[in-house]
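For reference, the structures are reproduced in the following blocks.
After this come two complexes, each holding chain A, first together with chain B and then together with chain C.
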Partner chain A sequence: MSREHKKGMSLIVKTITRLTVGLILLYGIYIILHGHVSPGGGFAGGVIIALSFVHLMLAYGKETALRKVSRSAASFFESVGATLFLLIALLGFTGGYFFLNFLGKGEPFKLFSAGIIPLCNIAISLKVGAGLFAIFVALVVLNLDSEK
Partner chain B sequence: MTGAVNIIPFFVVIPLAGAFLTALLAKKIKWLPDIIGSVTTLALLAISILSIFKVNAYGALVYSVGGWKLPIGIAMVLDGFSSFVLVTVNLIAFIVGIYAVNYMERFTSKWKFYTLFLLMLAGMNGVVITGDLFNLFVFLEIASVASYALVAFGTEKHELEAAFKYAAMSTVGSLFVLLGIAFLYSFTSTLNMADMARVLTQKGANNITVMVSVLFIMGFGLKAALVPFHAWLPDAHPSAPAPISAMLSGVLIKSLGIYALCRIIYNVIGITAPVASALLVLGTLSMVVGVFLAIGQWDLKRLLAYHSISQIGYVILGIALGTPLGIFGGLFHLFNHSVFKSLLFLNSGAVEYSTGTRDLKKMGGLMGKMPVTGGTNLVASMSIAGIPPFNGFWSKLIIIIAAVQAGKPWFAFWAVLASLLTLASFTKVMKYAFFGTLKEKWNKVKEVPVFMKVSMLALALICVIGGALLISGVNEGFLGSASNVLIEGTGYAKVILGSVK
Partner chain C sequence: MVELYILLIFMIVGAIIAIEVKDLLSSVVAVGAVGLGLSIVFLILKAPDVAITQLVVEILALIILIRATLKKDLPFSTSGRWMLNTFITVCFIGVFLFIANKCLKDLPEFGYPIMRVAGNYLKNGLSQTGATNFVSSVILDYRAFDTLGEATVLFTAVIGVLAIVRRVGRKKDSEKLEEEE
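Let's turn to the complex of A and B:
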């Protein structure tokens, strides 16, 4: 066993986590990309993506999860998500209005439809996912500091 | 006309972009947060002053976000009242931003301060500029949540406690507002404020509007710190860093509390006699209770916080009189209070910056060592106490005359009494902090750095020349057009809906 297997929860939890965590991440991405045609969207999908990393952190300990997404990366993606959202809204000025849906709308209920809505969903999911993960990391780090 | 409308979304876009860019780029680069903060607030001040001229030229301007026309989409509305509050907010924000360049050196991670500061500014501008009731709630929450974090910025024990108390109480206030919005939405089936005013006028007087008025008075009254709902303010405002105290006391309680309350009560629901008298009583109560609580304080910032409650009482008293002169005086006092209360908080921050204490008993004779701080504090003290010719005198005079003219001499009496007690309280501040003999331990005290001095002097200048806003010609365009919006009441619906078609 490698060193990382000594931390975190029991072998059963780790095995289940290893099998499911990718699926959870994939499901989050699915929810985001289908946000404009089915229930869900950027916020829900972002939460699910954040939960997949939180899941990893609970099962394997914080080092393993922070190696995948560090704290600075989380806060970077959070700012990028917010900036992207604002940028999409500003690009509406090309058609004359703030927040105008300036892209072609496409055929309803198809994946490539609804203009800027899927792009907004992706920006929101970045913001929400990274933000939620950053909050969780902050809580974990605070806890460890007080234990010392 | 089309060009004029396009400035409206930028009141929200500029501070949001500034906040996100600060969070994205300015972590490593030390000088960048200051630059972004100053440039964004300067740009906001410029477009808000521009907005006054646009409103005077074209009347009320309506912006349809995303190209969705009223009443379907979210509308942003710029009229006299909003441009008046926007100028107040962004003027104070710009000056406070300059002050913070030096003051916030004491704290770690300046970029976090500027991010939260700009987010709070975006929320306040959003509340003022929006024409949609639910959108107003969203911006209200952005500004509130950012301000909770800013109150706790020093992360000392008492700051965290104050922030928690503020967060808990303010959330209750937000819930009342949300409940009021939910009732109005279920009653009128629309969220646009102009459309809602139209539907409410059609349906006539109803019990639900009374209920909703009470909910809004509680919710926004809590944000504005009217007296029965004021308990969070004396903890929260002193705990924040001085620039934020100035923002909170100077403009946050006004844009989130008074602006939103007046906009909804006057323009959407329509003022009725019982609501007006409730506001009159609440205003007078805040005015008197606030000043009585202030007089016994020895913590400089806490004393100022209690005076904020008292001065908010004046504003509400003036506006609730309902006469054109009363509304005019109330709004003028809103502007004046923003200026001199921000200045007083910046002065208290300067004293704390140099001496490290806020206790009046430990200060003394600082006038000789800190002439700029002492001098500007004297100007601001005389303004808030209502000494002629400073700006506070004129607005208080107008409110008192309006109360007498409206046949309510008792309210005028309380206003005069509160003004005298304010004078007494600030005589105490000047005597203990700046005059008297210099204590030995303050021999090495130095005046504050240059940016702090510049911003305090700028605010003091506005205090001195503030009365000039009454000169005819200046008056109609700025204060007059703001009070006209409130005087026309639910006629707001016709103006806004008419300007879209």
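Let's turn to the complex of A and C:
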């Protein structure tokens, strides 16, 4: 057993995590992209993406998860999501007012339809996923420090 | 409707257990049971969007709470002014029930909403926004300003948590250089 194996949970949990964490991430992306066609949306999909990284962190320990998404990267993505959402809202002024749906409506039940709604979903999911992951990282780091 | 009442009784029992049990971890598990019951209630009431959000947020909150309470055994303070606390609680519940009984009479009956604005959204939603999920078309098109406010609330909460629990303050470059020497 190398030193890496001692961190985190047991080998069974790690093997199952390796198989499932990609599927959870894909399901979150599916929920976000189909938010305007089927139930779901940016908030739920963002939380699912944050949960996939939380899953990784619980099974493999802090270092492995932070190598994928560091704390500063999480803060960066959260700010990008908030700015993107506000930018889409401001772009509505090109046609008249705040949050105008300025793109084409497209055909119903298609993936590329409904104008700005999918773009807003993506922006909100970036913001929610990165923000909740940053909160989790902050609380776990605080917890470990207080235990020492 | 029977399954709805069974789930409501289950949730009330779970909430009482969460308050009364002495062990913190058991209390957190009871709170999680209440949340999962609530997500099934949303599914029965035909609100899958809210059910999905409730489920995933509940699990994330549960993981954070379990991490926070796993190795700590916080002492419970149940001693002290037992009589006064019970008296105040009973008084508050009485006032709440009296006012709620007066207020809730004016609400429309459960399952029969007025649908004055919502009927308009349901009629024109598909042609005006092009989204087939009406919840999404309401929160991101008709009521997008509310969503912006909600996003701002979450943003402020994340900034607050990161600012409070950071380990060291950031230093200017000149201060760093002085320390290294």
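Methods note: the second predicted complex is superposed on the first by the 145 of 148 C-alpha atoms of A that agree within 3 Å, B and C clash if a C-alpha of one lies under 4 Å from a C-alpha of the other, contacts with A are read in each partner's own complex, and residues count from 1 in each chain.
Simple rule for what comes next: a residue touches a chain if its C-beta (ideal position, glycine included) is under 8 Å from a C-beta of that chain, and two chains touch if they have at least 3 such contacts.
Computed from a predicted model, the values in this text were never measured in an experiment.
Touch counts on chain A: comparing chain C and chain B, the chain ahead is C. When the two structures are aligned on the shared chain, A:L126 is found in touch with neither chain B nor chain C.
Shared-chain residue A:L86: touches chain B and chain C both.
By the touch criterion stated above, A:I48 is placed in contact with chain C alone, chain B being left untouched. In the superposition on chain A, A:F76 makes contact with chain B only, while chain C stays out of contact range.
In the overlay built on the shared chain, the residue A:G40 is in contact with chain C alone; chain B does not reach it. When the two structures are aligned on the shared chain, A:N101 is found in touch with chain B and with chain C.
Within chain A, the residues touched by chain B in the first complex and by chain C in the second are 75, 78, 82, 86, 89, 98-99, 101. If you check the complex, the residues on chain C that touch chain A are 48-49, 52-53, 56-57, 59-60, 63-64, 67-68, 71, 126, 129-133, 135-137, 139-141, 144-145, 147-148, 151-152, 154-155, 157-158, 161-162, 165-167. Here chain A touches chain B in the complex through residues 75-76, 78-80, 82-83, 86, 89-90, 92-93, 95-101, going by the rule given at the top. Those residues of chain B that touch chain A in the shared complex are 6, 9, 13, 16-17, 20-21, 23-24, 63-67. Considering their complex, residues 31, 35-44, 47-48, 50-51, 54, 58, 75, 78, 82, 85-86, 89, 98-99, 101, 105-106, 108-109, 113-117, 120-121, 124, 127-128, 131-132, 134-136, 138-143, 145, 147 of chain A touch chain C.
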